[in-house]
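Same chain, two partners: chain A is paired with chain B first, then with chain C.
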Partner chain A sequence: MTKKLKMLQTACSILLAVSLLAACSGNATPGGSGSSPPPAATEKPREVIDIEMVMNSWGTLPPETGDFVVNKLKEELDINLKIVSETELMDKLNVRAAGNNLPDLMMFSSANDYRDYASRGLLADLTPHLGKLAQVKEFLGQGGFDKTTVNGKVYGVAKEPTLRTFSYWIRQDWLNNLGLPMPTTLDEFNDVLVAFTKNDPDGNKKNDTYGMTGIFTGLHAFTPIMTTFGAAPTYQIRNGEIVNFYSDPQLKEVLAYVQKLADEKVLDPELATNSGKMPLDKAFQGMAGVVYTTWADMVKDDKVKVWKTANPDAEWVIVPPFKDHAYGEAVDYVDAGGSSGYVALSKAAGSNEEKLSRILELLNYISHGEGLNLVQFGLEGEHFILDGDKVTLTEKSGDAGFSWIYQFTGRPEQSYLAAKFPNQVSWIDQAAGLPRLTVYNGFITQLEGVNYADRDRFIEEEFLKFVYNKRDINDFDQFVASLNSMFMLEQETEHAKQILSGLGYLK
Partner chain B sequence: MAQNLPNASTTRHSPSVRRRWRKELGAQWPWYLMLLPGLAFFIVFKYFPMYGVIIAFKDYDLLEGIAASPWADPWYKHFEYFYRSTYFSQLLMNTFLISLYKIVFGMAPDIVMALLLNECRKAWFKRSVQTLTYMPHFLSWVIIYGIALAFLSETTGILNRMIQSIGLDAVPFLSSTDWFRSVLVGSEIWKDIGWGAIIYLAAMSAIDPALYEAARVDGASRFRMMRHITLPGIAHVFVLLLILRLGHILDAGFEQVYIMYNIRVYPVADIIDTWVYRTGLERLNFSLAAAVGLFKSFIGLWLVLGANALAKRWGQGVW
Partner chain C sequence: MVRGRSERWFDVMVYAVLLFAALVAVVPLMFVVSMSLTPYGEVLRNGGYVFIPNSVTFDAYQYLLERTKLPRSFGVSAFVTVVGTSLSLMLTMLMAYPLSRRKLKGRSLILLLILFTMLFNGGLIPTYLLVQKVGLLNTVWAMLIPNAVSAFNLLIMKSFFESLPEEIFEAAKIDGAKEWRILTTIVAPLSVPSLVTIGLFYMVQYWNLYFQAVLYVQDAALYPLQVVVRNILMMNQSMDDINVDVTLPTVTLQMAAVVVASLPMIMVYPFIQKYFIKGMLIGAIKG
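Coming up: the complex of A and B.
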């Protein structure tokens, strides 16, 4: 009995010690960041206002001290901007919304999340203040506000979309090892994938390679195949008619093709469980020879280092569009209503007049001239040199690598990338120049009364069944009928048709 | 409790009862004082928040707050939405089965572990095994999923590498509907076996040593002592734990399932809580989440009451 008590005591004291240690280390951080130098005195006697921005910066974080963007904004606009990065952005925002404690500024990644918040009345209505956003309008055009219009009101600014550069990338050295030419049709592509799986492309005498890896959700890994067949999620206009991806007969062709790939066992068996960067890791490790991704994930200097370290002989190149297309060459699709983010103010920030006007100033500042250069390249003279319009980066430009986080309204993409990635310009131009199908998802709002979570699950499961041969591909029409009866697909298409007609995309 | 209530109301004015109470309070007041923080905890953190349950019957609006949100029309709107959802019966079945498996296969290993530790003669060995086995309890499911992935992954897992090296096909433990529930139950047993054993060990240490001495004098073997002294001695703890777990039968372990499942195993792994998370919380539909939570608690309450009534008949009731 006493022994047991003693044991319990020991356990308790260990736990206590651990929790105390944790508390200590937790205290250390705020103390450290509190020692940043006071802002430089300016002639404007305005009070410095704290502004909190919550967004997903995908792992990039501004430095805790000596962030020159923050310092510059403090100097110019008397704003103390604090960025909070959340990888599970919507979870965190939802929790804060529930506590009526939304941050001043938010960057939504998806149009649906943004519209959802807007229609729930959680965001500040910017319609009466649009006149004050002159520079933003000049930078983004009217489109920047059209994309954020919900029920006739503007609740935010749609960030300039980034260049769409997705396509298939393939191991050129594997093709060379096997003596195969670059595939130009879907049939040849199929043959290459089979060869990559069965003919030991890396020459290590082990059966340890697959043709392709990727992410199954939404048939993401098969996008170039999809678009070669003319299908693209979710809404496109084909021959003047609106086409919904899920009821498109071309989708049946896509599923049949992918089903054949699955049958031949050329796909990463974990396709359906892959998430995030897992497919890239597998590709870099030499497990798969084809992956659907962008230049930024493949040929940035640090990425090249990763896969060159794993396989010194590796050589990744872009697969050109396939010739046997149904409705024009396409390796991907691009959303005409797309945006790479939706910046919005919380209702509370919008009703604080001083805060509102500072935030509008901020958005204007980063949309033109000095401010736009600041968030793109850093400080003039330190991180870059301006010669007329031409930007040349200095050796210290690497220190400004995080500044893209502050590009709330976006950036002039081509000139930005050319200045920022001189080594990758040819890859970027090649990837951006590939043909793409146009879709209009960004404009389409969701229907009331449809359980989209259940719908997504249903579609995903049926796709899996078709691809892994648990359901006959000839059942496709029944699949569409189920979508119509269970999730109002026909009504949704009709609803989309009305929106696109209203905007003038559909005659 | 229900039997005490009428008693209390009829004797409320009886002076003798009041006097007895005062005497009791005078003699035992330090103990009652110690009870207060616990009571306050339950009132503040358990009973007071129950007020929020009414959003299950409202169309809860974040900005309006609980009181100002409009009532749902009809009042059972959110319950009906859940009931009519495409996957209702599958969700209920999955939740129930996963919980049942965890109870059936998960309770015995704890007892076996405790018995083995109890019979252990070397104190240092017993202590180190105990520490090692209860450590995983403190790991979060994310880490355990990482470990599971390292062992069970179809392409990179150690176990599958071994299976492949003897010439068999890799087994998709984490993405096959045949295996997934076993992985869930197995990983939960691994995580909580040491923790579960602690409570039985505590119960065993409360058994009167005189019983063992008497049995030894009568020539009983260790096995017989285990069978006739130790096991009956911990039976009441087993029943208590069983009743408590029955109350949670509709919680099949949200965190674990949410982290480990993927679209290929949804048909066997999607439970009520993961559905609520996807449809209710991710879409800010708090009323739906509250309605489903209430539904689960309601079922849980009846199961606990029923199980206790049954246990009472065997003389093992909790209250």
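Coming up: the complex of A and C.
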């Protein structure tokens, strides 16, 4: 008995000691910002204001100490900016909204979430202060505010969209092995996919290759085929008329073509369940010869190293647009109303005059000149050298790798990428220079009374049925009729027409 | 002893089944460990699956230790686990003991109230508001206090205490022991198996803490292990157009993160196993 008790006592005391030790180390951090040295400059009359910005930065975080962007902003604008990265961004914002505890600044990634918050009265109305955002306007143009207009009022700033660089990439070495030229039409493309599947392009005497892999959702993997037929999700203007992707007769052609590919068994059999970056892994493994993706996923230095290790002979190149197009060459589509994020102020931050004006200053500062360079490349002289307009990164530029999270209004994409990725410039230029259809999705608000999650699931299921021959392609008109009756597609198109007419895109 | 042919045949079958069951359990773990040690390019060359690595690299682990928040979050998780487990065990024991004494007035009402919380709770937003108003938001305590006592564990411990023979308590009382002394010198030492089992339940709960952290904590320096690991795992799942500046973690890195996150718990299990089996029978009907 006493022995057992002693053991228990010892165990308890060890636990306690460990917990006390851990308590010391665990508690050392929360006061981080409070214990930082006070601003040295005393001649400035303005006191430093704390500003909290919540966003999803995909795991990128500023260093805990010595964040030169924060220091510079403190020096220039007397603000202490703190970035909080949330992976479950909307869940977190929703509870904080319920607790009346929204952060000063937030970056929404989807227009619908932003509009939802704006119409619920959670965001500060910036309409009266637009005059003070001169540099932002100069950088983004009127579009930066058009995209954030909700019920006639501007509640935020739409970040400059990232450069659209999607296209088909193909294994040039497989084409060479089989003695095939680069496909220039949809028919030739079909033949290439069949050859990639059946003629052993990697020469390993095994039947282990497929023509194409990708993601099925939204027919993502087939985008270049879609746009060659002239279809693109969701709203485009064709010959002066608004066209909805789902009721577009061209979509039927697309589905018929893809269904033929599925029949010929040239598609990755797991196409329907692929998600995220899985198709790229499969392409790098040498399982498929064609994939719809971007230069960043294919030719960034670390990626090239990976697929060269897996397949030393591999050579990936961009497939040029197909010639047998219906409405002009296109390998992809680009959203004229697109944005890579929506920056907005909480109502509380907006009603605090001093805070509001500092935030507006901040947005201006990072949208031009020195501030824009700071958030793009870091400190001049340390992380980059400026020669006229030309930016050259120094060896220490790696230390500034996190600065992109401060690009609240975006960046001039092509010059930014050219400076950051000098080895990939020719690929970026080639991918960005390809022809694309224009869509206007970013401007179109959702209809009330439509459950979009249900709608997307319905569409996905029907697409799968059409492509894998569970439903006759001649049922396409019935599919459109179901969309009209179940999800008010006609009303939505009419609604989109009015919005685009109002903005002057439609006559 | 002479063993018949059919008996030996039976033994072979038993071993075969056991071997199969062991393989089913071990192979996925081995797969994860192997992947974490194999360079990513090598993984792809082998069609995405590696069971026995033919070239070993610790690059992924080095990257995790040097370039991510993982070491910090490991410390946070260790703190939360150690403090949380001790706190929870203490509170649960202090509550279970009086409730196990049949003489306690209002016992059934208190038990009913406890049972009530197992079936109904405030829901996400009211709980968040409560945590906010109490001033716990963005502190380590938000991960410890809201879930410090689990009603289920409390009931298990209560029924274990009830199963102790009444005569022991009477004897202690005759010798002049008060309740506190009975609890610390008699009940606690007799209940080691149940304490260890419930301690293990709590330990796993704190080690796997995710939701409270995501909800109540903003400061990245306070994130526990699971939040950081999930971020590393989920990035590749995203369909969003992720900024080109972000370098996505490779499978090798993901698997290394999984190993780091699960290793401590796997290492603790063998030491507690003997209590664990005993403890699992607590509350079950005994002969």
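Going forward, the second predicted complex is superposed on the first by the 454 of 507 C-alpha atoms of A that agree within 3 Å, B and C clash if a C-alpha of one lies under 4 Å from a C-alpha of the other, contacts with A are read in each partner's own complex, and residues count from 1 in each chain.
Operating definition for what follows: a residue touches a chain if its C-beta (ideal position, glycine included) is under 8 Å from a C-beta of that chain, and two chains touch if they have at least 3 such contacts.
As the structure is a computational prediction, the values presented were derived from the model and not from experiment.
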Touching partner for A:T217 - first (chain B), second (chain C), both, neither: both
Which superposed partner A:G328 touches (first chain B, second chain C, both, neither): neither
Touching partner for A:P412 - first (chain B), second (chain C), both, neither: neither
Chain B versus chain C as contact partner of A:G369, first or second or both or neither: neither
Contacts of A:P249 with chain B and chain C, given as first, second, both or neither: neither
A:S85 touches, of chain B and chain C: first, second, both or neither? second
First, second, both or neither for A:D302, with chain B first and chain C second: second
Superposition-derived comparison: chain B or chain C, residues of chain A touched: C
Which superposed partner A:L122 touches (first chain B, second chain C, both, neither): first
Which superposed partner A:F284 touches (first chain B, second chain C, both, neither): second
Residues of chain A contacting chain B in one complex and chain C in the other: 1, 4, 91, 98, 217, 282, 287
Partner chain A, residues of chain B touching it in the complex: 61-63, 65, 81, 85-87, 123, 127, 153-155, 170, 172, 174-175, 201-202, 205, 262-264, 266-267, 270, 275, 278-279, 281-284, 286
In the complex, chain A residues that touch chain C: 1, 4-5, 8, 15-16, 18-19, 22-23, 25-27, 29-30, 32, 54, 58-61, 64, 84-88, 91-92, 95, 98-99, 101, 109, 162, 215, 217, 275-277, 281-282, 284-285, 287, 296, 300, 302, 305-311, 340, 401, 404, 417, 420-421
List of chain C residues in touch with chain A within their complex: 39-42, 44-45, 47-48, 68-69, 75-76, 78-80, 82-83, 85-86, 124-125, 128-129, 132, 137-140, 185, 188-189, 192, 214-215, 218-222, 227, 230-232, 234-248, 250-251
Touching residues (chain side chain A, partner chain B) in the complex: 1, 3-4, 7, 90-91, 94, 97-98, 100, 116, 120-122, 216-217, 268-270, 272-273, 282, 287, 347, 451-454, 457-458, 460-461, 464, 486
